[in-house]
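Listed next: structures, encoded as structure tokens.
Common to both upcoming complexes is subunit A, partnered first by subunit B, then by subunit C.
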Partner chain A sequence: MDLSIAQRESRLGWRFIAPSVGVIGLLIIYPILYNIYLSFFDVKLTGDKLFIGLANYQRLLSDAAFYGAAITTVLYLVGTVVGSTIIGLMVALLMNMTFPFRNLVRTLILLPYFAPVISVVFGWQFIFDPVNGIYNHLVVDVLKISSSRHSLIGNPNSALGVVILFDIWKHFPLSYMLIISKLQSINKDQYEAAAMDGCGPIGRFVHVTLPELYFVLGTLMLLRMIWNLNKFEDVFLLAPNVETLPIFTYYAAFTGIIDQGFAASISVVQFGVLALLIYFYVKKVLKW
Partner chain B sequence: MLGKRTWVENGLLAAAIFVVVAFCLFPFVQILSTSLKHQFDWGNPSLIPVKLNWNAYGELLGIRSAEQVDVPDSVKRLLENPSISESQRRKILDRYQTTSDVFPFLRYFLNTFMLSASAAAVSLCLSVFGAYALSRLRFTGQTVIQRSILFVYMVGGVLLMVPLYQMSVKIGLAKSVGGSLVSLLLIYIIQTLPVSLYMLGNYFRTIPYALEEAAAMDGCSRVEAVFVIIIPLSVPMLMTVFVYCFIIAWNEFLFASVFLKQFHQWHTLPLALQTLFMSKNAIWDRIMAASMLTMIPVVVCFLFAMRNLTGGLAEGGVKE
Partner chain C sequence: MAGIRLENINKKFGKTEVLHQVNLEIGDGEFVVLVGPSGCGKSTLLRLVAGLEDITAGNIFIGDALMNRIEPQHRNIAMVFQNYALYPHKNVRENIIFGLKRAHAPKDVIESRLSKVVNILGLEDFLARKPAQLSGGQRQRVAMGRALVRDAKVFLFDEPLSNLDAKLRNQMRSEIRRIHREYQTTSVYVTHDQVEAMTLGERVVVIRDGYIEQQGTPMEIYLHPDNIFVATFIGAPSMNILDARLFDGYVELEGCKLVMENGTPGQHRELPKTGLPVKLGIRPDFFIDRRHAGDGEALAVIHNARIDLIEPLGFDKELDVQIGSQLMKVRLDLRTQATEGDTIDLCVDMRRTHLFDIDTGQRLQ
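Let's look at the complex of A and B:
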């Protein structure tokens, strides 16, 4: 073998990465392209296809349900992104103080993030259950705000609120974790200096803490937006009547009058938005 | 932070901490409490059951299970005959089980466990070498590959559900149980591969290069160095990545529902639980008990991998 060291290294590199690249190429990159291709066809569940050009997209643009789903998605995104970031920030500030049992508390509040969606979803269902749930007990029997019991999850409008609350509950621990690890790296001297300049607690937060957190807060919001745009389980399992885009696509693809080509065209639109967000994320945040 | 807190401040702090912990834990307490209540007690807002009810757990854990109850011995002998195909066997078995309303929890648990563990294992094996190449070797096309991995790392499964389903229909996998399980396994592998490449790649970079050079002096090749230096030094991280991939697959619902809906025997836990919830009205104790039992392995894994996991998460190695 008279290959140079660099050439040999390059060969070995390829041999090592080839299986991963093969799998990712075949099962992620190819499907993304295949999805675009499918969006120009009338696709049956059995795999039969008929080329129909842009008809799927025309139908999409004139479909009120699609706009409805888009609006629901935007509301859901705004609610969850803002909510999980703010709660995460507040809890991080709280957990950054010293108090007894701090390590135990820090572990406990991570549970919502790590518990399986499918398990916790039923707990939430039960809380809002019209017959047995504690929510209706509080509102109707204790506080007497309302005279009759309501199914908050049964009604799509209020269900969106419950889904947003659930999502904040489920995902703020991640925001909290990333924020607190940044908080702990802030130099204590900066606070002393700000205190000498006459800043109170609020002044110190605004002038010292916030500027240090800008980057991590931006990252979190972008990340949350990317993930929640794709979020299926959290919404569908808690309230199948809240139609964000992924759920709208799922219904088009696998239930009722099945139209996989139409579903593919929704995915293409969603993918366009997503690609833009990911481009920002990869460019600004991720490093190897 | 600066100076001592007054007792008023201490009181406020304690109240705030209590509110946060209660907010986080209330749904869990609710699940546990309802799983132990009798039906007459469900509407009672108190979280402590009037009378403990262990039936739901007993039923789920197979004190009375569907499979052994109804199948006669002659049929069992028939099933042991190796010339019967898997699908025929299934059909025969199904005939004896349509009437039962027992939820075969252990079976679903095993299905989910096998699928998740295999997916995590394959994903880990692929990514050890892939991550080594990305973090330690220079090769042509590396930048493109790194960028693409970062990109697909963020693409969620929802966008791939139609094309992946169509692909498996096209090559005939979606028709049979085996094919559907293979499709699902492959899908779980690709859902976890990018994140394990990313987590491991970042970790390998923290291992001093000098160690490998020393090994090279002793006559180790690069391939040997992976086994002698990199893998032994990364054992805790490898376990963490395995656990993380395992949890992702364990929790997955969307693709399981697409591929396994019609094969009841092969449901994974998330799919089985959702089916149970949709099909019968409000058998809350059983649903909650099943939720608890589904959650426990994840919580155990999480406590076990906690230290490395939260460190890795803080560096951006997360996937949802």
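Let's look at the complex of A and C:
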């Protein structure tokens, strides 16, 4: 058979990616499809499955707890994605200036990102411990802002705030790293030209820095959105009482009255929302 | 519009002093070119005027206003950068009018200025394009347009043509001249290219190692260089600097007696003329093949120069010739029939040559 160079090349390309397509198919696509399949069944612990159509979805959509988890998830997403991006941006701008020991400081900033979740979670729980924690010591004993001690992690409402704060603290270094690498590549004469055009520091930030960072910030927020919509361990380990969707699913699937079919339907809905979100985001913000 | 006055300008980067006590006055509407080899401080001087660097000592005035501590955005100057520095996310139109919009110029003013500039630069068809969709020459024009539209007091050019190919560079050079004639704005132009300096400048300032070596009109600098550095830097190919000895009424070069017919002894009256070693500067362009020299001219003759190499350039031929142990460049017109390996007698008008001190490199007067 006579193939053109381009055709031969594309066949070779297929051969190269075949193994990874196979692995992804096995480890990701199959579970997703199986999950969708499961969501139409009432799954018994014995393994028996009873087809019940959309009943799982009906139950889910009439479950107040689900909406509660959805709202918590939205708050968690907005708080963490926006928070860590803004903090990362501010730190990157700061670290882009020249000052003594800059390289040392630049490295130290990455520490929260390196640290294993399980160890820093204990640290954070200790900080907010109602009896021995530094937070309560500061607020009640030193600054005397409040007269009574609070368990910020124990109370689900304030625990959400702590969880968001924890995620921002743990993940802003990633935003910082990506943003500063882009900042360093912005040509200096861009800023000088903007100064000639009459821009002060704020004008230069708005008209030079931000447009240059647009796609980095956009990509960063997309990644963090995907990760955090599915984030489990950070939330569960620090404050198991904050029910974002993954944790809500976990409780349904593996605790109490175990109901895997119902849990499957939650993750299908979550997956659908995520897919839709990514689709619009990529189209509108990243303009692919 | 306004003139620029630099008084005792000093600039240090850390401990390195890159500009030393520079004094320069640029008249209202004048086009001044700062020229020198890379690292001589010319760009730094320009950036000091722009306010992009802080001066270490001295005063900068634009018009009558002291600018030492004024931020660049408040100096009312426009600058064309070597890499153009256009806003990549704005299209051509937005790039050009951005400065006017920042200054809150009324809409009709913006439109009329824009259309004038676009007209002059021939950018009508590109207004909606982003810089990435333009060629180097077009980007250059946009960068010019952005400066022109602003009606700034001073234009600064930082090697604006160095990223263009030779043909485009010539074209843009004439365009810059034309634009300056039209706008008559005080302009400071930095380049390392002496051709640009000669063709563009109403006044040329030659800088070396942070000192002004000489300033004057292009022809003054070309014909009367103050020292060996300026003599060799300006003009291409560069001036030949030869070891010679000065006697009463003539210069001896490798055994040839080059008589100075036109009263040179008078100019050098105070010098000992008994074989004082000097540097003799002769531009390659001022040699004449003896066979083609006119009768009436009073010319000195260099005998038996041996031709090492001939490079035909069309109208001219560039020759590497050897006299005694010294090499020099000679440019003769196409009538010359000599071939490589021949010897040739070369005539030179001694009024067009220069004598420099062998130690200081300064012109002997």
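By definition in this document, the second predicted complex is superposed on the first by the 252 of 288 C-alpha atoms of A that agree within 3 Å, B and C clash if a C-alpha of one lies under 4 Å from a C-alpha of the other, contacts with A are read in each partner's own complex, and residues count from 1 in each chain.
As a convention for this text, a contact is a pair of C-beta atoms (placed from the backbone, for glycine too) under 8 Å apart; a residue touches a chain by one contact, two chains touch by 3 or more.
Owing to the predicted nature of the structure, the values given are computational and were not obtained by experimental measurement.
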item: Which superposed partner A:S181 touches (first subunit B, second subunit C, both, neither); value: first
item: Which of subunit B and subunit C A:V43 touches, first, second, both or neither; value: first
item: First, second, both or neither for A:E233, with subunit B first and subunit C second; value: first
item: Touched partner set for A:D189, first subunit B, second subunit C, both or neither; value: second
item: Touched partner set for A:L110, first subunit B, second subunit C, both or neither; value: first
item: Contact breadth on subunit A, by residue count: subunit C or subunit B; value: B
item: Touching partner for A:P211 - first (subunit B), second (subunit C), both, neither; value: second
item: Partner chain in contact with A:Q58 - subunit B first, subunit C second, else both or neither; value: neither
item: Which of subunit B and subunit C A:S146 touches, first, second, both or neither; value: neither
item: Residues of subunit A that lie at the interface with subunit B and also at the interface with subunit C; value: 192, 195
item: In the complex, subunit A residues that touch subunit B; value: 6, 9-14, 16-17, 19-21, 23-24, 27-32, 34-35, 38, 43, 45-47, 91, 94, 97, 99, 105, 107-112, 114-120, 122-127, 129, 131-132, 134, 137-138, 169, 173-174, 177-178, 181, 188, 191-192, 195, 219, 223, 226-227, 229-233, 236-237, 246, 249-250, 253-254, 260, 263-264, 267, 270-271, 274, 278, 281-282, 285-286, 288
item: Sites on subunit C touched by subunit A in the complex; value: 50-52, 71-73, 77-79, 81-83, 85-89, 98-99, 102-103, 146, 150
item: Residue numbers on subunit B that touch subunit A, as the complex places them; value: 1-2, 13-14, 16-17, 20-21, 23-28, 30-31, 34, 42-43, 45, 126-127, 129-130, 132-135, 137-140, 142, 145-152, 154-167, 169-170, 186-187, 189-190, 193-194, 197-198, 201-202, 205, 222-223, 247, 250-254, 258, 269-270, 273-274, 277, 282, 284, 287-288, 291-292, 294-295, 298-299, 302-303, 306, 310, 313-314, 316, 318, 320
item: Partner subunit C, residues of subunit A touching it in the complex; value: 187, 189-190, 192-200, 203, 207-208, 211-212, 214
